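Just so it is clear, A, B and C label the chains in written order, and each chain counts residues from 1 on its own.
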Amino acid sequence: MIPLLGIPTQVLFGQLLLGLINGSFYALLSLGLAVIFGLLNVINFAHGVQYMLGAFAAWLLLTNLGIGYWPALVLAPLLVALFGIVLEKLLLSRLYRLDPLYGLLLTFGVALILEGLFRSWYGTSGQPYSPPAMLTGGVNLGFMVLPIYRGWVILASAVICLATWFVIEKTPLGATLRAATENPVLVQAFGINVPRMITLTYAFGVGLAGLAGVLAAPVYQVSPLMGSNLIIVVFAVVVIGGMGSILGAIVTGFALGIFEGLTKVFYPPASNIVVFVIMAVVLLIRPAGLFGRER
Amino acid sequence: MAEPLLHVRGLQGFYGESHVLHGVDLDVFPGETVTLLGRNGAGKTTTLRAIMGILRRRQGTIRMGGVDLMATPPHRVARAGIGYVPEERGIFASLSVAENLTLPPKVAEGGMSLAELHRLFPNLAERASSQGTKLSGGEQQMLAIARVLRTGVRLLLLDEPTEGLAPVIVQRIGELLRTLKAQGMTILLVEQNFRFASTLADRHYLMEDGRVVGEIRREEMAAKMDLLHETLGV
Amino acid sequence: MAVIGREAEGLNGTRIAAALAVAILALGAPYVLYPVFLMKLLCFALFACAFNLLIGYVGLLSFGHAAFFGGAAYVSAHAAKVWGWPPELAILAGTAAAATLGLVIGFLAIRRQGIYFAMITLALSQMVFFVALQAPFTGGEDGIQSVPQGRLFGLFDLSDGLTFYHVVLAIFAIGFFVIWRIVHSPFGQILKAIRENEPRAISLGYRVDAYKLTAFVMSAALAGLAGGTKALVFQLASLTDIQWQMSGEVILMTLLGGIGTMLGPVVGAGLVVTLENTLAESALPVTVVTGAIFVVVVLLFRRGIVGEIAHWLRRK
């Protein structure tokens, strides 16, 4: 192996891979947050625990019902989305007429409740969850060995993100969503059931978080705390990218993951905080965010 | 005479604490073009918004083709057959012209097809992939009307369609509305431009301070000019 | 945020009588309740009042106030233990550190509004947390322990619970009085104008950002005063003081007690501290109860306890 900049390529690409994986989750989660925020004008603090719920759903489906990874990939997000529907209809919808900060506080409270419950039921150490047989093992690419599951995570995330982008930007359904984000009153006057659309959009964003959780389960362990530190980084991602653009959220997520990975190689102590530092820099030179439109 | 298509009685409306409509009474019969005339602040736009259910705090009677609109949730009002073209036009910036055109869902059979609409509004076909708000004011007004024509509505609510537009465009809109009227469309039109309104309408309602204070048929126009001048300050 | 309690300005007979009653209660309390519990209460009450200055009177929701509270705790603890500073200087050092941190974080966060402001403060304080986690002087997971309490001004031995209680009471009173003066001053009036109609304030020529930043730094400094004092009371500065959960707690105290009221944060802090003490012995997880209170208050009770009482009194 020829070392690159004094770092052995194995290490460099290993960290880049990890960075891309983190970036996949940043992208998926900030995408969900952006979609929810666009229509509901609410920052879903519960996004982190909904990600955790997805992972736990997959784990519980396996340990209690023997349902494996592939069905869980569909079932878990649906279950989490169902929870999202209940949450939106019962609690969140009462706050739309108020300052959006109340939505943030409500979802913060929900996050605390769920994390607290799961912590008391399952403790703080993680439960392991194995990747499906088809995705175990590694592929030797020459400059590094790529674990197949991790490659799958990156690929699946990219596909899901792009599919979401496509639906929102290029289909009539997405057009309805974009219009309702801009002027919900007029869209409703045309005969479109906007309250139902709001509920389903929230469910979709939440379902995306749940899906990310299932993808994450074999990579990180399934732990009640897996969402909370992640969500704060995702907030920073969202501030950096600006929430006006779906593509912007996706690109920013992946890019920041890579940045983080590189920092881990060249200056490990800063890897925890590099995203926040970048956020500070972006705030100084382009406060609306890299892809943002000032709202 | 037949049953009115749109029947409004004793409509009261409130913006928060503010009492803005004090009992509006009006009828629009099938095939008629009726205008709401009045000064700024008379309550014309508010009346349209109350009919559409955009103004939520309201009392009184609103019936459209027999359907009680007071009991209808806002997203079902269009399904009674009403197409709304708001004062600000409401063209979506995040949608292309084509997406703007096809956004409102069909509420009945009999709406114009896309082909017919493209023939009627060639500009819209040409600029189909442009961002909606990149169109000129007149083109946006055409788009705002075209998109509800696609949906099969029987009643058009138009709020100041000629506002801020050049005379040649105003003429085109007038021609369009005459064509629609000839095809049997029922139209309730809010207008400040009295000359424009008088060339189209079968009847005019005069509004002042949130209520209807007078009604002028086409034939009575000359006779009631004084009332008009008084109410409109023209 | 639009939920602001309004209280009559100025002094009158009832208020003086009420203040005297409070003073008597405050002086007599340590003979009824444990001084350490009361001091904890006072520190958090001051923390909540400092936070409330920002949300209640400027309309800015900071989700990262733990950085100031915990940061000051670390600095004061370090000053007292490693540099051997007397308590008054150690606490002042903590306050100054919090003010400086407030200047940096505030400068960055003020560039955005509302939701974004909240997220930025959260992210930046998380960054402070990670620095605290890794920096050598903070002692990592263990924190700084056995912080000496010393003698205040060389005269008052703070290791005596009763003495320290009176000192903390005085610190709280000073902090509360400072906030009261800020709110009822011309500066406070401008803040209020900014909160109610920022574009108008700008058009009137006020340098709105400068006012917001000044208020932010004041809030941070007072939070730091609370944190530094707490470090000496408990002789401990730890990661708990600087975590995002602590930021959430101070929000809860203020929300529960009443945003934008002077007494609300005090009441809220008292309730939350008491609640947590009680829950510590039970099997109920604290975060679940905290979260549930958040949900209930946001949905049904947005004026908070003091706010609701004030509203009810006004309607009579």
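As a convention for this text, contacts are C-beta pairs under 8 Å (C-beta built on N, C-alpha and C of every residue); 3 or more make two chains touch, one makes a residue touch a chain.
Predicted, not measured: the structure shown is a model, and the values here were computed from it.
Asks: Going only through chains that touch each other, how many steps at minimum separate chain B from chain C?
Replies: 2
Asks: Report the chain ID whose CA centroid sits closest to the centroid of the full protein CA set.
Replies: A
Asks: Please work out the Cα centroid separation of chain B and chain C, and write it as a whole number of Å.
Replies: Comparing mean C-alpha positions, chain C is 56 Å from chain B.
Asks: Using mean CA coordinates as chain centres, what's the gap between chain A and chain C in Å?
Replies: 33
Asks: So what's the Cα centroid distance for chain A and chain B, whole Å?
Replies: So the centroids are 44 Å from each other.
Asks: If we count contacts the way the header does, which residues on chain A are in touch with chain C in the complex?
Replies: These residues of chain A touch chain C: 37, 43, 91, 94-95, 98-102, 104-106, 108-117, 119-120, 228-229, 232-233, 235-236, 238-239, 269, 272-273, 275-277, 279-280, 283-284, 287.
Asks: Give every residue of chain B touching chain A within the complex, in rising order.
Replies: Those in contact with chain A are residues 52-54, 74-79, 84, 86, 90, 92-95, 99, 102-105, 107, 148, 151.
Asks: Mind listing the chain A positions that touch chain B in their complex?
Replies: The contact residues of chain A facing chain B are 172, 175-176, 178-179, 181-183, 185-195.
Asks: Touching residues of chain C toward chain A in the complex: what are they?
Replies: Within the complex, chain C touches chain A at residues 1-2, 61, 108-109, 111-112, 114-116, 118-120, 122-124, 126-127, 130-131, 133-134, 244, 248, 251, 255, 285-295, 298-299, 302.
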